[in-house]
Each structure stands twice: as C-alpha cells, then as structure tokens.
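Next up, some structures in structure tokens.
Presented sequentially are two complexes of chain A, the first with chain B as partner and the second with chain C.
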Partner chain A sequence: MGLSPAMADLLIASLLLGGLYVTVSIGLSLVFGVMRVMNFAHGEFVMLAMYAVYWVYEAVGIDPYVAGLVVVPAIFIICFTVLRPFVLWLVNSPPLVQVFATLGLSIALQNLALLLWAGNFRSIQTSYSNTLVDLATMRVPLTRLVAFTVAFLLVIGLHLFMKYSFFGKAVRATAQNRRTARLMGINVERIYILVFALGTSIAGLAGVLLMPIYSVHPGIGFQLALIAFVVVVLGGLGSLPGAVLGGLLIGFVEVCSGYFISPSMKQIVYFAVFIIVLVTRPAGLLGQRGAEEVGLK
Partner chain B sequence: MNNNFRLQLALLAAPMAVALLTSDSFIHDSLTQVLMWGVLALAWNILGGYARQISVGHVAFFGIGAYTSTLLRIGFDVSPWLGMIAGGLLAALAGVLLGLVTFRLRGPFFTMATIAFAEVLRILAVNLRGLTKGSEGLTLDSTPNVAMFVFGSLRTYVFVAWAMMVGLFLLSWMLGRSKTGLRLLAFREDETAAQSLGINTYRLRLFAMGLSAFFTAVGGTFYAQFLLFIDPDSVFGVDISLQMALIAVVGGIGSAIGPIIGTYLVVPFGQVLRAELGAQLAGLHLVVYGLGLILVLWKMPDGVWPALERLIARLSRRNATTVPKPGTVA
Partner chain C sequence: MQMRMRSSALAASVAMLAALSTAASAEDWKIGALFPLSGGLSVLGTEALAGSEIAVDMVNEKGGVNGQKVVLIKADATSPANATNEARRLVTREGVKFLTGTYGSSISLAIAAVGNQFKVPYWEGAAVSDELTQRGYGYVFRLNDNATAMAAGLVQAVDEIFAPKLGKEMKALKIAIIHEDSAFGTSIAKDFEAQIKEKGVALAALEPYAANTQDLSPLVLRLKELNPDVLVATQYFNDAVLLWRQARNASYKPKYFVAIGAGQSTPDYRKGVGEDAEGVLIADVPSAGVKADALVPEAAELQKEFIKRYKEKMGKDPASHSTRHFSAMHVLLTKVLPKAGSFDPDKIKAAVMALDEPIGSTILGFGIKFAPEGQNSRSFNVILQWQKGELVTVWPQRFATAAPIMVPLPDWAAK
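Up next is the complex of A and B:
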C-alpha cells in the first residue's frame, strides 16, 4: 500500500512533533509513576531550561546544544540539593497538599521568569536555524530532526536503564511497594530524590531541544504542561510506553487537525480526543486501573 | 453560644461593619472583591471540600455565568438578575455533564481533566467570534439601574456581595449538617464503606458538582456586573480557578467558615502585595504569593480554620480550669 506524498508529509511532521511532546511528558510520567506526585510545576522546568540556554547563547554565544550539556546536569544538581526537603515533604503529603504545593511552585517560578526577564517572546538564531534536511518526500528542519533523534535515544535509554540497571530495578521496586522496598534495604528517600531529579532533568532536556525551535516566554511552561497532562493521561499515567504512545498520538492529532480543520482549533481537537479516551478507557491507553495507587509499570 | 460560634458570627459581620463605618470608595472596592472571592471559594468548597473532588477548572463555570448573563443582557435585554439564574443552571448542566465523564477519574487525573475542560471553553470563547466577539471582549452598559444589576454606589456592590456570601455560607452550613452532608462525609472518609451502606456516591458527587457549578456561575455574573467588561482571558483564565481553590485550601476545606477565613487572608494579602510590589516589579507579588501558599501548606496542611479551632478549644478549656470552683481544693 503506497502512501500519498501529502500523507507521508503529515506522518513525518506528526512524528517530529510527537517526539517533542514525548520528551516534555516522559519525565512527568516517571515522577508520577514512582512518587505518586503529580508535579504541576513540571512545565516550568522546561521553561527555565529554555531561558538558561537562551541566556548562555546571548551572553557568551555558546551553541544551545552545547549549553544543554551544562544546563541539564545543573537542573539535576539543583533538584538533588536545593529542592531535596521540598521533594521529601511532598512525597509524604496528602494529595491535596501535593496538588497545591506544586501549583504554588508553578506560580512562583512562572512569575520569577516574568520578573527577571519580562514577558517578551525570545528566540535564538543560530547558523543552522534555517537548515533543512531531505527526508523521504519532504524537507524537515534540522533542529526538529535533532530533537526527534534525542527523544528516540532518550526513550530507548530510559527503558533499558529502568529495566536492566540495578538503580532501575530499585526504582521499580520502590514504585511497586514502598515498604517492601525499604525492607529489602533500598534507601527509598534517595530513590525519590533521584527520580525527581531525573524526571525534572528530562524536562530540562526538553527545554534545550525546544529552544532552537520555539521562542520562550514565561507562560510557555504552563502551555507545555497542559499538553504533557493530556499526553500522560492519554497514554496512562505512570506508564512510560504510554507516555510515548500518548505523545506521538497528540502530535499526530495536532498536525492533522491543523492541516484538515484549522490551526486555531487544534487544541480543541486534542482535548476532545482526550475526553473521548477518558470516557472509554479511564486508565488511559496503556495504563492500568487505579494507577494513582499502583504506580510505575 | 460558645466561642467558636461567636468568632464565626463576628467574621461574617465584620465586612458589613467596615462597609458601614467607612465611605472610602477604595475600601469598598477592595471589600467587594474580597466578598466576591468569598462566594467563589465557598462554591468551590462544595465540590472540593465536601465531596473532596479537587477541581482546578472551576473557571469554566465562572465564565459560563459571566458570558450567559452578559450575552442575554446585550442580545435580548434580559436583566442580569435573570441571566444569573440562567447562567447558573447552564453551568450546573455543564458541571453534571463534566462529572458524568470525569468522576471515573481519581486524584490528579480528575484535576487535570478539569483544567483541560476549562481550557477548551477558553479557546472556544476566543474562537467563536460571532457569539463572544473573541478577545475583543464585551462591554456592558454602565448606567446605574438596579433592575439591570448596575448600582450607582460601590457600597451597594458590597451589600449585594455580602448577602451572596452569607447566603452561600448558610447553605454550606446547612449542607454540612444535612443527610446529604453526612453522606458526603462518609464518602470522603471511605468510598467503599459508604457504597456498602447503600450510598450512590456517583450521584452524590454529581449533586455536589451541580450545586458548586451553579454558585460559581452566580459569582461569574456578579464579576461581569461589577467590572462591566469581560473577555475570554479574564473570565476563563486558569488563574481564577487556582485562586478560588487555594483560598478554600488555605482557609480549610470541608467547613463553611474555612473558605471565608481563607478569603480574608489571601485576597487582601494579594491586593497589598500587588499594590506594594506590582507597580515596580511585575511578577514579584505572584512569586511571593506562590511561595506563601507553599509555606501555609507546609505549616498548616489542613488550612487555617482547623488550627484556629484547636486554639479556641484550648483557650476555652484553660479559662474553664483556671477559675477554681468555690469549695474545691486546688
């Protein structure tokens, strides 16, 4: 069966966009799966990473991808040190407190960005910003291709890491049963901090990949977080394959509705898909029932 | 009449006393906003507090209320007093439909679905330009006319908002003591146990959602009539959902007085911060606001009212014990 060129273009475009959404969402799903904490400030870390890359490029002229090599570990270290008490408090709090404490963090970070860098849209122009690469029937921007490739490697790497490494096994044990994991000698608090730092660094990585493509402003984190919520609930919260499927699906829905209906209505369409999936499969496409208690698969 | 009850009465009467004592229009304006947020937080509390379904999409109902009464007023010259009821009923319907879909979801899943719902309405309000004029917004006639819900003096707005808040307080208070209130209590303590006693928890939550949505929409109409201008970002913005929820959370959810205490603390705090910090440094007041919220949740995860209630109980006990009864040996 042959694909028409237009269909192939749409498919490639949706894959590229979906890859971005996977990177934005997978850290959220990871943190939720292990800690049962929905981090409503997840998008703000993407935003902060975008600003960090932007300023490094503007001030010193360091390439955004190179800057990422510093920015992503920096986010990891900040989570591991400064946010440590916050994370440990969060994981032991009732759900209501978790929701509003992370929302409070989201408000604070969003407005911190507004305070420091004003509300303008900022973007960077690199030598390769407008470079196009031939791919099958269409020419795609290099920056999007890089983002997709990194997202692909990230998903594979994360999967192998969680499945085969000793740390990954400890994480899965903690996700399944906190108390038993502790009895097996796992330092549960350490796992929580590391998982939070890992998930949030992935958000930072998403920011690094997004900066050469989009412009940054203080509200972008919340917009991306909204998409991430849809993606992870759609795929099944706490399920990493679910986040991948959800991200690709939302990318596909967004590209198609932008092409066939109208770009201004694309959000309506994917929210509609979201509602339909919720009605038919409340646990998400690859999720399990009661995932808010059961945790990571 | 115990101290707890006296304190609640004083808290309810205080804004009215302030409004009558001063004729400063700035204070009346602030007071109207405080009371309006009181109405919204109480409305949110019916679902978020009594039924423990944490919605961050209540602005959807607020916007429905604001747009329904405003469109009826502009298009058909219907009094916003009637539009308020129409908007309330429409919002209740929307709430029940949303509940039918989203009550299968638990915890953060539900919260995220409500945010998505509100965003859909915001995008629709921006894009359905034929109906809503999109981002241009709608302006209402500002000629004072009580029948059209436009008042000449700010003090009247304070009175109306106060009456709404006290009315909703009494309703919440009665709800808490009613059979339905007890069923809701059973549900939030243990859903399975409640179901095993024959409580239809799904229908119960739909009822709470409908009631909560109705009064949130009433607050939306009041907002539209107070500012006489609405646009999608101001009446469908997620920050409104957040504020009404966090007022209730700070004050203490699940009681009738908690959201009111939260309002008295959070809204003037926000107003002062904005006045002091907002002018020079955009955003700083919200940074402080967000961090303040985390601090309150950290120190008082149940909110201010339960902490206050414990304090009153302790003080009352101490007073009772420090006065020795005649004839007893200390």
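Up next is the complex of A and C:
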C-alpha cells in the first residue's frame, strides 16, 4: 500500500467515527422515512440505553454487550406496549405538534436522568476496554471495531429486510402512501408502532455499543442527536443508504479537518460541508425532492 | 363558608411564610449564598454549599460572630441570567447586605456585577476566572486560587520537575498545550502561555477543542506527529478520559504530561481510565488533604474537624470545591467579619486588606494577603499525582506527601 502510516491512521479513525455516527443515525432515518416524524427524543433513547447498560454492569457486573441482549429487546417491548398510544397520537398530529411533543419528551427525559442519576460522567472499564486488534498494518481498538461491524451488519440486514421481506414491503407501501396501503389490507397502525419500536431499539443498540467507549451523562443523547440530524439530512431524509453515506462523510470530514486544520475547527468545517451540500442538493446526497412527503423508497 | 375557609388557609400560609422569612432576626448576620443547586452543575454546587454550611455551623456552635448568629440565605443560581435575578432578589427583597458563592466562573461574574450595582461585597469561594477581580468592582474578594495561580503551578511543575529530568534548560523544551475552548480552559491556557513566555519559552503548539466532542483522534494524531517534550492539558472530565483512552488506542503516550485539575483530579477519572491514571500529574489544590505538619496547628486541627464533619454530613470525602468553600467561609466568619463589625463595604474591605497570614494558615495551605484588586496573592496550586489509585501531593517539598514517580511516563502497560 502506498499509504503513509499517518494517512492510514486517519482513514481508519474516520471510518470508525463514521461508523458510530451511522449507528446513531439509522434509527432516526428509519422512523422519519416511514412515519414522517422527526423524533427529537431519539438521542435520549441512546442515553437511556447507556444508563441501563451502565447500571446493570455496576449492580451485577454483567458485560455491557451481554446486557445489551436484554436492554435492546426491553426497549422494543416498552415502545410496543407502553408508548403505543403516544406513537399513534404522534403520527396523526400536525408536524408542529410532533416537533414540540418529541422535543418536550427529550427535555423531560434529560431532566429525569439528571434527577435520578445526577450530572456525573459515568464510564465502564471492562477487560477489553483497551484491547487493540491488529488489522493489516493497523492497530484498532476492539470496542470501536465492534461498533463499526455491528453498524455495518445492521445496515445490510435492514436493507435486505426492507427490500425482500413481506413486512419490509408493507413498511415501504405504508411509507409511500398511507391510504393506499390501508386499502391493500395493511394494518398501518401496527406498521407505525413496529417501525417506531424498531428505530428506537436501534437507538438503544447504539447506546449499548457506545457505553464501553464513552462516558454517559444526561446530556450525551442530545449531543449525539445533533450529529445524527446533520447526518440524516445530509444523506437525504428517510434514505437509509443516505444515512450511511452521511455518517461516513461526516466522520471523514471531522477527522481530516481536525488533523489538517485544527481540532477546534472540525465542527465549523463539517457544518460548512453540510451547508454546501444543502445549497447544491437541497434534498441531501441520496434524498429526493419532497422526501418529507414521499418518504422511504 | 368554603370561601372563608380558603381565605383563612391563605392567611395561615401567608403567616407561615412571614414566619419563615423572619426566622433570621434583625441582628443576625444574614449572608446570601448563591450556588447552582439544580441542573447540570448541581452535584458540585450542592457539595460546595455543604462546605460553607459546615463553616457556619461550627462558628454558630461557638456563639456566632461577635455574639450574633450567622444565617445563610440560600438561592439557586444555575446560569448567569438566573444568578443575576436571584442575587437581585436577595439584595432588594431579602435585605441581604453580603453575598457569597459559587461554582462556575460565568455565574460568579454575574453575581459580582449585581453586588457592584448595589455596593454589596461579594466573597467568592471557588470560581477561578481571573476576570472576576479584574473588573475594578472594588468589593469583590477571592481567598482561593485563580487561573493565574493554576497556570503558575503548571509552569513551576514543568520547570522544576520536567526540565531537570530531561537535562535541558526550560528554554530548550518543546512544550504543547491542549485545552477545552470554554472560558475555563482558554483563560488557563492563555495565562500559561504568557507565563512561560516570561521564561523565554515559545509554545510548540496551542490546540483548543470543544469539550463536548465525541472524538479526539485527530488531536492525538497531531500530537503524535509533533511529539512535544512536555504535554500540558486543561480539560473537563469527559474529554480528559477520552484523550487518555484514544492516546492509548493510537499507541501514543506523552513522556512528560501534566494536567490542570478539573477532569483528572476526580475519583471518576481514576475509574474511567483505570490503571492508566497511574503517574498522571495534576496541578490543583491538595483536595485529598494537606499534610498536617505543613499547616499551622490551628489550621491542621480545622482540617481534621472539617473532614470529619463533611463525611458525617455528605457520606463521602470532601473534594476541592467543597474544601475551598469551607475555607473561604471560615476565614470570612472568623477573621473578616469580627474585625469589620458590620457589613459596611468599606469596613469589610479594610478588614480584608489588613489580613496578613503566612503560608500554611488556611486548610488548603494558602496564606492570606490580599492584593488591592481583591485577589489573595498567597494562594497557589500544588502538583498532585495518581499513585497506586490515590492522589498524592508531590510538589512543592513543604506539602509533598510522596516523591514523584514515573517521570518520564513509561509506555502503556500491556492489557
């Protein structure tokens, strides 16, 4: 390979960071694509999952990834049962109400976390926290590699699922035209609930993957959601391949601008890229005009 | 009937409120105490307030100040805007003539501005921004260390610990500083830059970054390439842990590393990076307790009493901000107010400026001699180090509880 070590380091760092952003963003993209609901509380579900994994680890010493096997389904079930009336009400509300309802939920959950667990930063040290994996000539942290791999598999799985399974077809039909889907005998409400639960569980999965890497605090979900919104809009609202491309692009821009220009400039640079893309391609990289009307394809 | 019941209930509650607000009798020393008690800063704000309360309790148990009790009128100051409103309320509605606080430099600046507006003295316990005493307010006093003192601690550490080990003059060192880019990190980094400039050293790199970042790998890669002799870091908690973890991931370990103590001096940091904390040097106040023989006997006694009471009250060891607040309040109640005799700003100022006590006379080891603008010039930082999971003081000699180890830092321990 003609790549200098520093270049290879940069490439890997940006891929890994991009992978994290993809994980946080695809649930959001999915929910928007099908339900046309911008879920501002998306990041808070990431945060809650991180706390869940943290407390399970602190209380009984169960490995974060193993705890994830319980936490993620639990989030799915909670969305499917407890949040059911909320989701149905949300999807039938005008856009402005959706914004305020989910933003309100976000603030409420942040403050609940603050009340319950205070503003401390909490982190987990596992036996593999510092493990490095040799990958060709590089050494890559295991936890980030796991996050990247899971995100990669998840996106492929989700794509195949949406494309080929009967449920996936029903979801796309609902996304394209709610009324016609209903006429075709699709239980639209059920689809909405399932998609919301799926999207939120993916947020939970992101939390599980992030906990061994980052410290959790009540505000972390909001910080992550801000990036997720950029990723989703940059890639094209409601487009899953777009979210992947957007996530990887932001990761790449952030790492390279941090290295070549200055670490304090990286946010400015990726927002500048974001603005340029929006000016030249208002629907995002892989989105199509009017996606907020048409939804997932 | 129902109407009358309601109005009598109202009357009762008004009476109760009145009773509450007059719980402090006219002759008591009423001191406004503004701390962030809710929201993101509340954990440390509450601990800082507990430090002040312990000092008040101890003084009241011994009969108060000049025979009168001290009463803290508490207010919740979560942000600069909110601190302004609450400080105004204390002064105009509660009739408070003296303000104390707080935690967070921006909040402290807001309170000081209100104090200045109403000519009410402000006694700061823990905020470090230099600007607080540089605005020319006249009645703002800070007993504890400011950003200049913190930077001075760093500079001395570099000069006296690192330069000899490297066998170089300080001038010949390649020094880089990284800092989070809010008021806290920026002011310390600037002070540090100015102070080493006086010693003839130019910074090899000054790298700011946002503390809420999720990734410091570009910064780590830059540092790896630059490879400075000494790396200095001014960080909050999350980014401090992130830096150390990502440096390990990139197999980069600075040989000479010293941090300024916000992130690295908390027990949570030790937990967050585990064994890798070993050997990390931090410029801070000696939060884990000053060794008794470095203090005058009264201060040593006071330190013991404070740690005991704090453990009883809060169920844990005091940290640096609660100790700073205890110390500030105790000095105020035992050395300033008795001499001033009232809250008259000019008498307070005269009493503060007359103080002249040697190093080691407060429980953080500080002496007391206020500069005209209101900053205690005998405050300073010591150098702490993580050794076997404990924070020990390694410099200066007078306060050291252990000798510095792992200078230079060895490579990352295998996992």
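As a working rule, the second predicted complex is superposed on the first by the 296 of 297 C-alpha atoms of A that agree within 3 Å, B and C clash if a C-alpha of one lies under 4 Å from a C-alpha of the other, contacts with A are read in each partner's own complex, and residues count from 1 in each chain.
The rule we apply is simple: a residue touches a chain if its C-beta (ideal position, glycine included) is under 8 Å from a C-beta of that chain, and two chains touch if they have at least 3 such contacts.
If you're wondering where the values come from, they're calculated on a predicted model, not measured in any experiment.
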First (chain B), second (chain C), both or neither touched by A:141: second
Touching partner for A:271 - first (chain B), second (chain C), both, neither: first
Partner chain in contact with A:132 - chain B first, chain C second, else both or neither: second
Partner chain in contact with A:263 - chain B first, chain C second, else both or neither: second
Which superposed partner A:227 touches (first chain B, second chain C, both, neither): second
Which of chain B and chain C A:118 touches, first, second, both or neither: both
Contacts of A:189 with chain B and chain C, given as first, second, both or neither: neither
First (chain B), second (chain C), both or neither touched by A:63: neither
Shared chain A surface residues [contacts with chain B and with chain C]: 114, 118-119, 218, 264, 267
Interface residues, chain A side, partner chain C - complex: 6, 9-10, 13, 17, 20, 114, 118-123, 125, 127, 129-132, 139-141, 144, 213-215, 217-219, 223-224, 227, 254-259, 262-264, 266-267
Parts of chain B lying in touch with chain A, wherever the complex brings them together: 52, 54, 56, 101-102, 104-109, 111-113, 115-117, 119-120, 123-124, 126-127, 238, 242, 245-246, 249, 253, 281-287, 289-294, 297-298, 301
In the complex, chain A residues that touch chain B: 32, 38, 86, 89, 93-101, 103-115, 118-119, 218, 222, 226, 229-230, 233, 237, 264-265, 267-268, 271-272, 274-275, 278-279, 282, 290, 292
Sites on chain C touched by chain A in the complex: 39-43, 178, 181, 207-210, 212-219, 221-222, 225, 237-238, 241-242, 245, 248-251, 268, 271-274, 276, 412, 415
